[in-house]
Structure formats: structure tokens, C-alpha cells
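Pasting the structures in now, so scroll down.
Consider the two complexes below, in which subunit A is the common component and subunit B and subunit C are the respective partners.
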Partner chain A sequence: MSLALIVMLPFLGAVLPALMIRAGRNACAIATGSVTLLAFALLLTHVPAVLRGEVIQAGWTWLPGLGLNVNFFLDGLGLLFAGLILGIGLLIIAYARFYLAKEDPMGTFYTFLLLFQGAMVGIVLSDNILLLLIFWELTSLSSFLLIGYWRHLPEGRQGARMALAVTGAGGLAMIAGMLMLGGIVGSYDLTVILRERELIQASPLYLPALVLILVGCFAKSAQFPFHFWLPHAMAAPTPVSAYLHSATMVKAGIFLMARMWPVLAGTEAWFYLVATTGLVTMVLGAGIALFKDDLKGLLAFSTVSHLGLVTLLLGFGTPMAAVVAVFHIINHASFKAALFMCAGIVDHEAGTRDVRRLGGLAALMPITATLVTVGAASMAGVPLLNGFLSKEMMLEEAVHTTWAGQGWIVPLAVTAGAAFSVAYSFRYIVHVFFGRRRDDYPRTPHDPPAGMWLPPAVLIVPVVAIGLFPETFAGDLVRASAAAVTGGVLPEFQLALWHGFTVALALSVIALAGGFALLARYRAVRRLWQAGPHPEAKAMFEAVLAATVAASRRVMHGLHNGSLGRYLAVTLVAALALGLAAFQAGGHEAGLRDSLPAPAAAVVAWLLLVGACGLAVVLHRQRVLALLAAGVVGLIVSVGFVYLSAPDLALTQISVEVATVILILLALYFLPKESPRESGRGRKLRDAALAVGAGLGMGGLAWAAMTRDAATLSGYYLDNAVSGGGGTNVVNVILVDFRGFDTFGEIIVLGVAALAIYALLDGAVRGAVGRKLAAWTPDEPHSADRHPMIMVVATRVMLPLALMVGAYIFLRGHNQPGGGFIAGLVVAIALIMQYMASGFGWAAQRMRVDYHAMIGAGVLIAAATGIAAMVMGYPFLTSAFDHFHLPLIGEFELASALAFDVGVFLTVVGAVMLALANLSRLGRKTGVAPVNEAPMDVDPLARRQAAARPAASGASARHDQPAPAPTAAREG
Partner chain B sequence: MIEHALVFGFAAVSLALLMNLWRLVTGPTLMDRVLAADTMVINAIALIILFGIQMRTTVYFEAALLFAMFGFISTVAYCRFVLRGDIIE
Partner chain C sequence: MEFLVASAIAVMTAAGVYLLLRLRTFPVVLGLGLLTYAVNVFLFATGRLVVHAPAVIGAAGGTYADPLPQALVLTAIVISFGMTAVIVVMALRAWFECGSDQIDLHEGGDAPLRERE
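Up next, the complex of A and B:
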């Protein structure tokens, strides 16, 4: 349980900074820090057990059908990484408090940071690879937000996009690889997978799975050739670089390689893929780092190089190399995060982080200079510091490794890489802090407040402590996590400062000497470098991206050209072809069921249907007539539902028809009244043939189906409606009970659709469309009767009656035709009548209902009904019903489905009204006439007064004149 | 007796519907067609009521009720559309 809590805490706590920022920046930082501290403390409670070698597990099944379980486990490796993520996270939170400027939105920053932290902890604690993938993608997303935090900087946005594209693409490859892996083993649980080494390596899918997973890891951990995104991500604020790009996110790929090491490593493919990539990355990154003038760029390429080193070690595939890899992860995280923070300090206090404009800062910023000197010396691999130890052990491993039969390649390359590493590390120290003091710093440099230098100082402590007493401070942790990497078998080893005079020591000395030599002749070396080729990764990336976008656009526009006629034609041809194929495969005997008698009235109705359809075909270009014809079809369909014993459907159809006519007429006001001629003769013939074919086919199919007896689901519902759902109206019981979950989804869709209409129209009326509307003049002559009296009076009288009918239909719905959906439509139409009669503005002033809230309330009530069942221990939306007795009313039945139906009702009313209100808002934007104050054109009261006073006979109130206020008040 | 009345009723309403159809198809103006559709609704109410009487059930009554209550709204909407353009001002 506490494992899941460690993962969930940052996610849950992510709302805190956003809220606490109102209480000030300190409160915000403290709130964020306490979330991380709590998670860290929870993690520490597990330390003794994990160091004893236990594996702690916690989890639930989530989607067992997909093999997706919420399983977490904590072993040495998970402990190491979770400790790094949470511990360094804590320091970063403190550092960021002082780093961020006043105008930076700090709450947003901490929220993003906590989201990232949660995702990261999720990766390292997941015991299910599908769950791991979810967290993996979450880190890509949250790091995108963090890198682009300074959204006013174009480099920030571009860097964020590049990081997302590269790591996201790698993530896609990884999903495929993980699915293959899960397919081989038959389980997606890591603890199960990690036991199946032989099975996985014997599988033909091993190689593709390996390559795909490695692509994901390499992209995330900035390994060659995906390394280019990391330097561009340096546009992020320094706390982000220190956290994501040195200590945590870029280590996610390394983590996964280490995690999968027991089952994937040890083969030739693994060695050549992983070790070679690591080697190339290490040397290349170190080489480029030497020539970067931006401090953060230098550190970024140095990180690339060190990640390459760890990858190389993992690639060796020997247990001892894995031990060294783990050790170097610890060491690198400590000194690199500190160095990043110090680079931020220099940037913050001196106003630039360009090495060429710095120098001589040691006397001005003594604390920072000390921290950087120790950290960078460790990065260079100077003895007595932790970086020396792991580098020495790495060299020892490299010496024993042959690559393609050649024993000298790996040692030579790593020594060269180490020499570069020495050179750039000391360049950071010497070119920034030593040398001549300058007088042209952009700002006056001085040491920062303690809140800023303490976090890196805390990280420098282990650099020295581990460097001096490695076994004491890191022995247990390295053993526990290395044991988790190798799957239990560990070689005998001792972390020690002195290993005697070995080849590795010699290489180390050569590297140091070479590094110093490079730095001493820096100008000459740099000239040499600048003479060589410099492929610009960003330009190449942009070119690839542009080409991909162009290609997909071509494909998309080819298939999706906007012609509805074409889509419909393709769909119909496909349906016809499938239908024809099925028809020829099956038998062709006629059905045996007796047909129903056709009374004369039914034949007449059929004639009306045919006539209306024919009218629509002939006159479809005149849109109002087409709508009228469609309305007649709707009428006959409604009558047909009555005749064929589907009263619920009939009631729905009748109300839907009315709402549809109103909606379309509202939209038609702004549209051309005639459709233009667009298709030629050939096209018409083709469309006609298709339409006739599809229509005949559909009719034939219906005929064939209806003349046969077949077992349907209806029987089950008829038998169980009363016993299972407590209602005699089977249709309603199906809607609110048997298939309540369906209905729940549908009302959500309905609400979303209404909100989308609102959002689209609301956005539209503000922009160019709004200006067009304001300049709009009606294209037809208009009658002067704006709000005719007869209509106002009739609809006013109708309102209570219609509402009564709505209530009646709603209440009896469970047992007789009706229900929330129909009642919602009835009430909505009753309200629309008022809008039509007296105008939207007038009615809206008197009916202040928030339709958005109504939709939300409806969905929430429906959900609450379902959840109430869960609280009682039944599945979601299980309904309950009982019989009650009230005096006067008598015995009646109450089902929980009624509450659900209330939700449906509210959503329907809200959605219909919101859609109509927004469509009619367009009309009001035209500004043709102001909102009327009186409900109708004619004011009877004024006329009576006028009659009483013959002197004022000519002053009868006429159209569009504002009526006296008392009338309006009375009507309201 | 009721049987004969029903036969007569169905015949009369059916004939009326056919005449409505004629007016709907021939027009000539939009308002002719709107009125034809409106009258169709009235006749549909009659058909539903007659059918209910024939089947001796009240189940269909609500359908007729809704038609009676809301059938005119479409007609009003068309009229407002022709007269004022915007049906909800």
C-alpha cells in the first residue's frame, strides 16, 4: 500500500503548489517540498528490508483482460532510483525557490515538477510493463511542459517539441517492444518476465523486441544517434536541467536497460548494440563537450558522454560491469546535478553562462568556486573523489573486453573519452573561475543566498564521502541495487580507493595527462575542431520533421478531400460489395413467416412516405422544402412506430422532429436558401445508381430478416424487466437499468456535443464571423410582426400544461411509455416555445438557468446513482427498487433507476437548450433589432388606456415600441 | 356500430391525407406546403386516436397528445422563418 502511495503522492500533491502560490512563494515551495519529503520518508521506511534483500510488492488488478495490473515492487534498483528522484527532487525544489524570478509562475512550475516526479517514481517502481509504459509516456509529456516552461522563449518551445518528438517516438518503439516481450512470456508482470531468460532469448521475437526496446531507451537516455535533443532541452530553466537532464529522466533509459538486464543481456546482439552505442556516445559526447561555450551545453554533452559510459558498462553484460554501472549512476547523479545547479548560479549571478565571457570568478564567488572545483574534479576522475572510483573500475572492465576480436579498441576509446572528460571538466573550473578577473561581467558576480548554494553543497558531500570511504557509504546500496540488476548473482568485490598498480591506473594517469595537455593547448585544439565538419542536428531534425509532415499531409488529403459525396460513395460501394458477396455465398429461399395484413390506412401512410421522399429528391435544392419533406417522413415514421407497437419510440420521434426542425431553421437563417448545383450528369447517374442499389439492398435485407423467425434478445428483456428492473416498460428498463451504462455514456456524449456547439459558436462569434454577422443584413423581406400576440398568449397558456405533461411522462416512464429522455425533450420544447414567442433576450431575462451547470448536474446525478450502488457493494449502476405506501396516493414503487432518469432528463434539457440558445445567439449578433422589453408587439393594457382617454386616440402602441414597464413586470 | 364508424373514419382520414399529399407535392407556394404538412399532423392525430379505439387501448393516447401539443410548433417555426427569417429573435 505504501508503495502505491509513494507513487501517487506527487500526483495528488501536484494540485498543492497551484493552490498554495496564492499564499506566497515560500508557502508554495514548502508545500511542494513537504509532498516530496513525505514520499521520501515513506521510501526510507523500506530501506532496511530492501538492503536485507527483500522485494516489497503491492498491487491490484486493473484490467486483467489486457494483462494490465497496477503492481508495484521495490528492490535495490528501484530503491536507488526512487531515492535519487525524490532526494534530488527535494534539493531541486529548494533550489528552484531561489532560482525562479518573481515574474515566473512558480505554482505552475512546481505542479509540472511534481507531475514529472510522480511519473518518474512510477517508472522505477512499476511491476507491470504496461503500467511502466504509461508512466514512461507521462514523463515525456511532463518534461515537455517543463522544458517549455519559459514559453516566451522560442528556443524553449522548440527544444520542448524536439524532446517530445524524439522521446515520444522512442516511446512508441518501446511500446511495440514491450508488447512483444509480454507476448513471448505470456505475462506483462515484470517479476514474471525477469524469471524467463531462456524463454525470451530463445524466441525468434527476441531480436526485434530487443531492438525496439533499446530504441526507446536510447532515445530517452540521449544515446547516439538520438543524443541531439538533450542539448536543445537546455533552454529549460536550470532546475529542470539539473533534475531531468542529469539525475532522473535521462536515466530512465539506463534504468530500463538495467531492469531488463537479467533477461536481455548476455547475448552477442546485446553486446554489439548496447556496448557499441555506449562507446560511440561516450567518446562523441565528451569530444563535443570540450568545445561548447555555453556552460549548460558543456554539461549537457558531458551528461550524454557519461550516460554513454553507463550504457557501455551495461552492454558488457558481465555482472561486475553491472556493479560498476550502478556505482557510476550514483556518482554521476551526485556531481552532475550539483554542477548543473552551480552553472545556474553562475548564470544567475554573473548574468551569463558563456565561458568566453567569464573567468576569474573564484575570488568573487568563493563558495560556488569550491563546489564546482570539487564536483568537476570528480567528473574528471581525480583521485579521492567518487568519480575517480567508478571511472577506474570502468577502465578495469574495459581492459578485459574485446570488441570484434580486437582487445585494444575499447580501452583506447574509453581512455580517449576519459581524456576529453578531464579536459572539459577542468575547462569548467579554469576558464570560469580562474584566470584574469574581468570588468565586463553583465552583472556584478557574488555568491548566491544560502538557499541556492546549499542544495549543490549537499550533493557535494557524498562526492567526497564516497570518494574517501566508498565501502562505508555506498557499499550496501551498490550491492543491493547491483544484485537487483544481475538477478541475484554478484561477484565478490570491494569498493576501495587503492587497487594496486594496475593497467586501469595507468590508463587513468594517461587520461589525466592527456586531458591537461588538451586544455593547455586549447586554442590549437579548437582550431583543429573548427576545421572539421559540424553536422547541425537541429536543421536535420527539422528537415526530417517537415518531410514527414508533408508526406502525411499528402496521404491525408488524398484520402480525405472534404467531399462528403465521395466518402458516401466509397462507403456505399464497400457495403454493396460486401452485401453482394454475402448474398451469393448464402441460400436464397424465401422466408416462411406470414406477412401482416395491410389495411388501407397503412397503404395511404406508405404512399405519403413515398410521396415525401420523391418530393425531397426532386426539390432537394430548395432547402426549406427539403426540410419540410423530411418532416413529413418523420411524421409517418412516428405514426408507424405507433402502429407497430413502439409507443416509446413514437413519443421520442415526435419530440425529436420538432427540435430538429427548429435547430435546422435556426441555422438555415444564415445559410443560402438554395443549394448550388455542383455535380454533372455523369456523377448524378453514378450517385443515383448507387442510391438505388443501396436502397434496394437494404430493403431486401430487411424483407429477408422480417420474413424469418429468429431468436432475439427481446425475449430475455421481456422476461426479466419486472423481476430484474422493477418496471413494466421494458424499453425504459433497458435504457436505465439493463443497459444503464450505455445510457450513461450517451448522456455524456450528448452533454459534450452541446458544450462543443457552445465552444465552437462562442469562439466563432468573437472573430471574423462575428464581424460578418454584425454587418449582416437579412436576405428576405420581413414582416413587421415580431412577437405576435396570438402566439405569445397561446404559448403562455401552453407552458404549464406542457410542463405537466413532461412531469407525467417522466414519472410514469418506468412502467408505461415515457421516461427521462422523452420528458427532457418535452420540457425543452415547452421552453423553446417561450423563446420563439417573445424572443430570446426577453425570455432569457426571465429564465436564468445555467444550462452548462444543468448538463453537469445531470451527468453527476447519473454517476452518483451508479456510485451509490458501488458503495452498497454492487457493481456500478446496479438498480434497487421497493414498494412504498403513502396515504392518499396509495401504493407506489420507487426504483433507484428513477434518480438515474433524473440525470438523463437534466442532461437532455440542458443539451437541447444550450444548443438552441447558442444558435439563436448568432441571430442576436446581427444586431438587426434590440431586445424587446415587452413580451409581445401589441400591448393590450396601453390600448385599453388609450380607449379610456379619447384625447390620446392616435397613441396606440405599435410594433417594436418599448411598452410601459408595468406590463413587462406583470408578464414576468 | 363502432365498427362501421371506424371504417368510415379511417376512410375519411386516409382520403384527407392523400389530399394533403397532393397539396404538398403540387404546392405551388411554400405556405401551401407548410399548411399541407400541418394538416397532415392533424390527420395523423386522428389516425392514432382511431387506431387506439380500434385496438381498445389507451397506450397510444400520449403520442396523440404530444402531436396535438407540439405539432403546431413546427408550423409556427416555418411561419416565423418565412415572415421574420430568424425564428428565435
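Up next, the complex of A and C:
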């Protein structure tokens, strides 16, 4: 379990820096450091077991159906990398505390850093490749945030974007490759996959999977031709470069190649792909590094080169080469992180990291100069330091490698690379710290506070210690992790300083001499370099990016030009084409199911429906008439539901119909009453063709379905409605019980829709729109009496009756047609009738219910019913019911589903009322004064007097009501 | 009977689609409403047509109408009311905001997003 904790700790701790920054920068750094320290300590507790060769596993199943398990395992390789990530992470946290300036948001920085750290530890400890991919993408995202940390610098933003584009694209390739790998083996667990070497290499998918995984690894580890993003990522703050771009993220690709080595390596394809890429990257990176004037650029290309070296070693595919690769990973991480931090120190203290503006710093910054000299000498491969050991072992392996039958290519190339490496390493030492002291440094250089130089110094200790006594300090770790890479088989070897006079030693000497020669003739060499071609990767990348963006924009604007009519037409044409294709692929024999006889009434209803549809189309420009025609269609549909044994649907349809017509009429009060004649003949013909096609398709499909028999699930519901759900109305039992979770979702959707309507309308009464609304005058004549007396009286008398009907429909719903939906609609319509008849002000004053709260209460009650079942130990929304006996009333039944239905009821009432009441409120915001203030306040005498008065001034003649002090205020 | 229902679905769909393709918000709303009827009836019809046999246990003899499509359509009716209400109010708000109820943007109305940099 503690393994999972090691991964989780940085993620959990990521909130700490953001909180602790209020307590000051030291507290923030200490909090961040303790998170990492704790994870590191947890890791150390496993060290003895792992060095004994044990593999520690932990985890749990997450989505077993997808093969996605949260499994972690710790072997030698995982231990090595997790140790590097957490150990160097600790040093970086200390270093960053002193590196970041006062105005840099430190809490944000540490939060990003911990997120990144967690993702990295997740990669190296994952025992499931799907989980690994998740962490892999997380490192891309968190490193994007870290590289772009100085968001005010355009280089930072562009570098971050480039890194994300390249590593993210590689990650996509890797996902495909990993899925293929999982498909070959039939499991996504690494420990299982790593045992299936023969199976994987014999599979025809081996080569595509290998190429895709390698693309991901090469992109992440900045291997040629994806190396160009790493130098641009150097716009990040130096702690980020030291952490991500020397020790951790760029090693993720290397890690994965090492992890997959037992099953992917050893084939010809692996050798030529991996070793060649590594070789090219190593030589190219070292060559470019020599001519970089920016210290971090120099180190970036040097990192590219050293990663190439490790890739080359892994590509050889021999166990001994794997041992050397692991050893070099350790050595490179120690000296390169230290050198990056020292570059940051120089930049911080001297004000520049441009080699051409530096020199002679040794006397001014003695500590830094010492650290750099040791670190860079190790990078160059000078004896007595750890870089020498692994480089010489690499040369030894290279000597025995033939490439395409040629034994000389690899040794020659690596020696050239090593010579470049010597040259740029000593350029870092000599051109920065030695030579003439200058008087034009941007700042006065001096050694930094101990907090800044101690972290690199801690890393220089192993550089020397391993360099002198390799077997003592690194032997066990190298053996444990190399054994994990090779899958257990290790050759006999001793890490030693002296191997005798070998060819490798000779090559080492040649490389040192060559490097010094290059540096001695630096000016001449540089002129030669500058004469050659220099493809600018950034410009090429930007050009490719711009072309891609332009192409996708062309496609997007072609399809998405702002014409809703076109989208609808395209969608319909596509749906028709799909339907036609499916129709032609299937059989066309007629269905054999017996048809029902059609009574005369049905034919009449059908004629009405067809006629109403026709009217709606023909009269659609006269909007009120078209709405009426559509209403007729809705009524006939509900009558049809009655006839065809669906009483619940009929009740719902008819009440929804009423609510919809009211709603649209309210909107039509403001909208134009007629549509202009706009479509030409061609457009009408096109639309008619589409319409006829869609109609034929739907009708034909319905016909085909209805004339065939089909199996249905409904037997289960019919059998279990009474015994399991306690109701005889199966439709209602399905809604509130069997499929209660769906209904729960749907009332939430309804509530959200009502809130959206509220937001849209509430915004319409404010600001510019509100002013437009206030100046609005109706385009139709108003009735003289806004509250017709007969309607007012009728609705008020009807209200108790309507509420009673609602209650009745609600209560009987479980056993007879009815239920929460229908009752809610009926009650809402009864209430909205009061608004219509007596005016918004009058009704709102009396309806002291907040409809928002009603929606919320409904959803909460429904949820509470479900949770109550969970409390009892049943799944969410399991219903319970029992029969009770009451004197006088007799036997009756109470089901928990009734409480759920109360929630449905409240939500429906709240949603419908919120929508309609707010729509009717709009009318009051217009500049049109009411015809009469209160309901039933028409005073014929006053009207006559007003009419007799000559042209009233001020108020318009239509609303000149000197009504006797109305009791109702205009708005409650 | 089956033919009547199928042809009614066809007519409602055709009328709905035609109105959906008009250029103003109001006919689009109406067209969507007609299309909703058609789709609901279609879904209902997949349970096959039965007369005098509502799915209320004990009401009729042994046969019942298929309750599952009915339950689905019931919620579909309520949800489509919510949807209609939202688009009606959107049409209204758009009319208030720009004084036009056209569904298509005018020429040049959608200037491409400017390059961010």
C-alpha cells in the first residue's frame, strides 16, 4: 500500500504550497520539501528488499472490464528512477527557494512541481500500461505549465507550446502502440507483458507497435528528429530545466525503452531503429552543443547527446550494454543536474548566461567554479570521475558492434561524439571561469548563498565517490536495476576504474586529445561551422504548425459558416444518406404481423392530423395560425395515445401541449407575428425534397417495425411490477422504480433547462436589452380590459378543483394512469392560468413560493429517497413498500417510490412555473402601462368620464385609468 | 391502423423537417415541435400497437401494451417540453438582442477568430 502512497503523496501535497505561500516563502518551500521527503523516505524503506531482488507490488482493480488496474510495482529500475526523481526533486525544491525572485509566484511553482513529480513517480512505478499512459500524459501537461511558468516571456510560452505539441503527439503514438501491445498479450499489466517476449516478437503487430512506442519515447527523450523542442524548453526557470530536462522527464522515454527492453529488444528492427537514432542524436547533439553560446542551450544539446548515448546502448540489445546504460543514467543525472543548477547560479549572479559575455569568473565565484569544473570534467569523461567510467564502458561496447556489416562505423562515430563532448565540457569551464577577468558583467558576480550552491554540491559528491569507488557506491544499485532491465540475466562484471590497456582506453585518449584540439582551435572551428547550413527547427516547426492551423481553419469555416440552415441541411442529408445505405444493405420483404383494423374515427383523426400538418406548412408565415395548427397535431397525437393503450402518455401529451402553447404564445407577444417571404423556388424545392425523403424514411421504418414481431424486455417489468415495485401501473413503476435513476437524471435536466431559461430572461430585463424592452410598444391592438372578468372568476373557481385533480392524479399514479410528471404539469397549468387571468403582480403576490427552491427541493427529495435505500444497505433508489390498514379508509399501500414521485412532481411544477412566470414577467418590464391596475377593477363610470375629457395629456388614451386605489401593488 | 400511424409519422416528419429548414426562428421552433411528435410516436410504435390493453396489471386480460417504450416516451415528452422552452426563450432573447429573428448569420457576421499571440 505504501507504494501507492509514494505516488499519491506529491499529488495530495500539491495543494500545500498554494496554501502555505500565505505563511511565507520559507514555509512554502519547507512544506513542499517535506512532502517529497516523506515520499522519498517511504521509498527508502523498500531499498533492502529491492536490492535483494524482490519485486514489491501493490494496487487494486479500477475498471477491470477495460483491463485498467491501479497496480504499482517496484523493482530495481523503478527504484533507481523513483530515487532520482524524488532525491533530485528534493534538491531542486531547496534550490528553487533561493532561485525564484520575490515577484515570482512561488506557491504556483511548487504546486506545478509536485504535480509533475507525482506524474513522474507514477510512470516509473506503474504496473499497468494504461495507468502508465495516464501518468505519461500528465507529465506532458504539468511540464507545459512548468516551462511556461514565466508566462510574461513569449519564449517561455512558445517553448511550452512546442514541448507540449511534440511530446503530446508522441504520447498519442505511444497510446496506439501500447494498446497494440496489450492486444497482443491480452493483458495490460506490465508484469504479465514482460513475460511474453516470444509471443510479442512473433506477432505481426510487433513492428507497428514497436515503431509507435519508439516514436513516443523518442519525442519525450528528445531523440533525433524530435530533439528540437528541448533547447526551446530552456526558456523555463533553471530549476525546471535542471529537474525536467536533465534528470527526469527527458529520461521518461529512456525509462520506457529500458522497461520494455526484455520484450522489445534483441531484434534487428530494434537494433537499427534504436541504435541508429541514438548514434545520430549523440553525435549531432554534441556537435551543436559546442557552438551554443547560451550556457543552458549548451547543456540542453549536451543532454540531447547523452540521452542519445543511453539510447544507443539500449539499442545494442546486449545485456552488458544495458548495464552500461543504467550506469550512465545514474552518472548523467548527477553531473547534469548539478551543471544546470550551476548555470542558473551564473545567470543569477552575473546577470547573463551568454558564454561570450563571461570569462574569468573563477576568482569571483570560487565555489561555483569548483563545482562546475568537477561536473563538466565528469561530463567530458575525465578519469577519476563517474562520467569517465560509463563512457569508457560504452566505448568498449561500441568497439564490438557492427552496423550493417561494418565494424568501424559505430566506434568512429562515438569517438567523434566523445571528442565533441570533451570540447563543449571544457568550453563551459574555460570560457566561463578562466581567461581574462572582465569589467562589464551585467551584475557583480559572487558566490550565491549556501542554499543555492549546496544542492549542486550534494550532487557532485556521488560524481567523485562513484568515480573513485564505483563498485562500493553504485555496484548494488546498478546490478539491481540492470537485472530489472534485462529481465534477470546479467553478465559477470565489475565496475572498476582500471580495465587495463584496452581499445576503449585508446579511444578515450583519442577523444580527450581531439576535444582539446577542437577547443584550442575554437575560432577556426566555429568559422567552419558557421559556413555550413543551419536548419532552424523553430521556424520549421512554426511553419508546419501555421500550415496545419490554416488548413483546419479552412475546413472549419467551410463547414461552420454561421448558417444554421446549412448545418441542419447537412445533418439531414447525412442522416438520409446513412439511412439509404442501411436500407439498401438490408432485406426488403414485407412484414407478416397482422394489422389492427382501422375504425372510421381513426381515419377521421388521421385526416385531421394530415390536414393540420399541411396547414402548418402552408400557413407557416402567419405564426399564430401555424401554432394553432401544430396544437391540433399535438391534440390528435394525445387522442391516438388514448386509443392505443397509452393513457399515461395521453395525459402527459395533453398537459404538455397546453403548457407549450401558452409558452409560445407568451413569446409570440414580443416576436414578429409574420415571417417574411424569403426562400426562392429552388430553396423550397430542395427543402421539400429533404422533407419528403425524411418523412418517407421515418414512415417506412415505422411501418417496417410495426409489421414485424419483436422480442421485448417488457415481460420482466410486467411480471415484477406488483411484486417488486408495489404498483400496478407498470409505466409509472418503470419510471419511479425500475428505471428511477434515468428519471432522476431527467428531472435534473428539466431543472437545469428551467434555470437556463431564468438566466436568459433575467438578463433580458437589464442593460441595453432592458432599455430596449422598456421602449417597446406592442404591434397589435390591446384589449381594453386586461383581466376579463369571466376568465378571472372561472380560473379562481377552478383552482381548487384543478389542484384536487392534480393531487388525485398524483396519488393514483402508482396503480392507475397518472403520476408525478402529469400531476406536476396539471398543477403548473392551473397556477399559470392565475397569472394569465389576474396578472403577474396579483398572482406573484399570492404565490409565495420560490420556484428555484422548488426545483432544488424536488431534486433533493428524489436524491434523498435514493440515498435512504443506500443507508439501508440496498443499491441507490431501491424502493420499498408495505400495506397499511387505517380505520374507515381501509387497506392502503405506501411505497417509498411515492416520495421519489413527490420529488418529480415538485421539480416539474417548479421548472414549468419558473419558465412561464418569468416569461410573463417580461411584459411588465415594457413601457406599456397596464390597462387596469388590479383584476376586476373596471369602473364603467370612470371610463365614461375619461372618454368625455378632451385629449388627455401625458398618458396615452389607452391607459388612463383613475382606478380607485387598487389593493394590489404592481409587483409583489 | 398500422398504416395510418406510419403515414402520420411520415407526414409529421416531413412537415417538421420542412419548417425546420425555414430561415426564421419561429418556424424552426414549430418544426422541431412537429418533429418531436413524430419521433415520440415512432418510439411509442416500436412497442407495437395494441388496443384496449393499457399496461395496468389486472385491468385487461392477459395481454398488455408494451410499457417500456411508453415510459421512455413519457419522459421524452417532458424533456422535449424543456427543450422547446429553452429554444423559444433563446429565440426571444436573440430577438431582443439584435432585433432580428433570422437563424443565419449575416455575411461577415462570423469573422474568423483572430490569431492569439
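Following the convention adopted for this analysis, the second predicted complex is superposed on the first by the 578 of 972 C-alpha atoms of A that agree within 3 Å, B and C clash if a C-alpha of one lies under 4 Å from a C-alpha of the other, contacts with A are read in each partner's own complex, and residues count from 1 in each chain.
Criterion: a contact is a pair of C-beta atoms (placed from the backbone, for glycine too) under 8 Å apart; a residue touches a chain by one contact, two chains touch by 3 or more.
Model, not experiment: these values are computed from the prediction.
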| item | value |
| --- | --- |
| Partner chain in contact with A:Ile654 - subunit B first, subunit C second, else both or neither | first |
| Subunit A residues touched by each partner, larger count belonging to subunit B or subunit C | C |
| First, second, both or neither for A:Ala754, with subunit B first and subunit C second | second |
| Touching partner for A:Leu644 - first (subunit B), second (subunit C), both, neither | second |
| Subunit B versus subunit C as contact partner of A:Thr728, first or second or both or neither | second |
| First (subunit B), second (subunit C), both or neither touched by A:Pro817 | both |
| Which superposed partner A:Thr281 touches (first subunit B, second subunit C, both, neither) | neither |
| Touching partner for A:Asn331 - first (subunit B), second (subunit C), both, neither | neither |
| Touched partner set for A:Met836, first subunit B, second subunit C, both or neither | first |
| Overlap of the subunit B and subunit C footprints on subunit A, listed as residue numbers | 614, 641, 643, 647, 668, 816-817 |
| Touching residues (chain side subunit C, partner subunit A) in the complex | 1-30, 33-34, 37-38, 40-42, 44-59, 64-68, 70-71, 73-75, 77-86, 88-93, 95-97, 101, 103-105, 109-110, 112 |
| Touching residues on subunit A, where the partner in the complex is subunit B | 599-601, 604-605, 607-608, 611-612, 614-615, 624-625, 628-629, 631-632, 635-636, 638-639, 641-643, 647, 650-651, 654-655, 657-658, 661-662, 665-666, 668-669, 778-780, 782-783, 785-787, 791, 798, 801-802, 805, 809, 816-818, 826, 829, 832-833, 835-836, 839-841, 916, 920, 923-924, 926, 928-929, 932 |
| Interfacial residue positions of subunit B with respect to subunit A in the complex | 10-11, 13-14, 17-18, 20-21, 24-25, 30, 33-34, 37, 40-41, 44, 47-48, 51, 59-60, 62-63, 65-67, 69-70, 73-74, 76-78, 80-89 |
| For the subunit A and subunit C complex, residues of the former touching the latter | 553, 557, 561-566, 568-569, 572, 593, 595-598, 602-603, 606, 609-610, 613-614, 616-617, 620, 623, 626-627, 630, 633-634, 637, 640-641, 643-649, 652-653, 656, 659-660, 663-664, 667-668, 670-672, 675-676, 678-679, 687-688, 690-692, 694-703, 705-707, 709-710, 712-714, 717-718, 721-722, 728-731, 734-735, 739, 742-743, 746, 749-750, 753-754, 756-757, 760-761, 763-764, 769, 772-773, 815-817, 821, 825, 908, 911-912, 915, 919 |
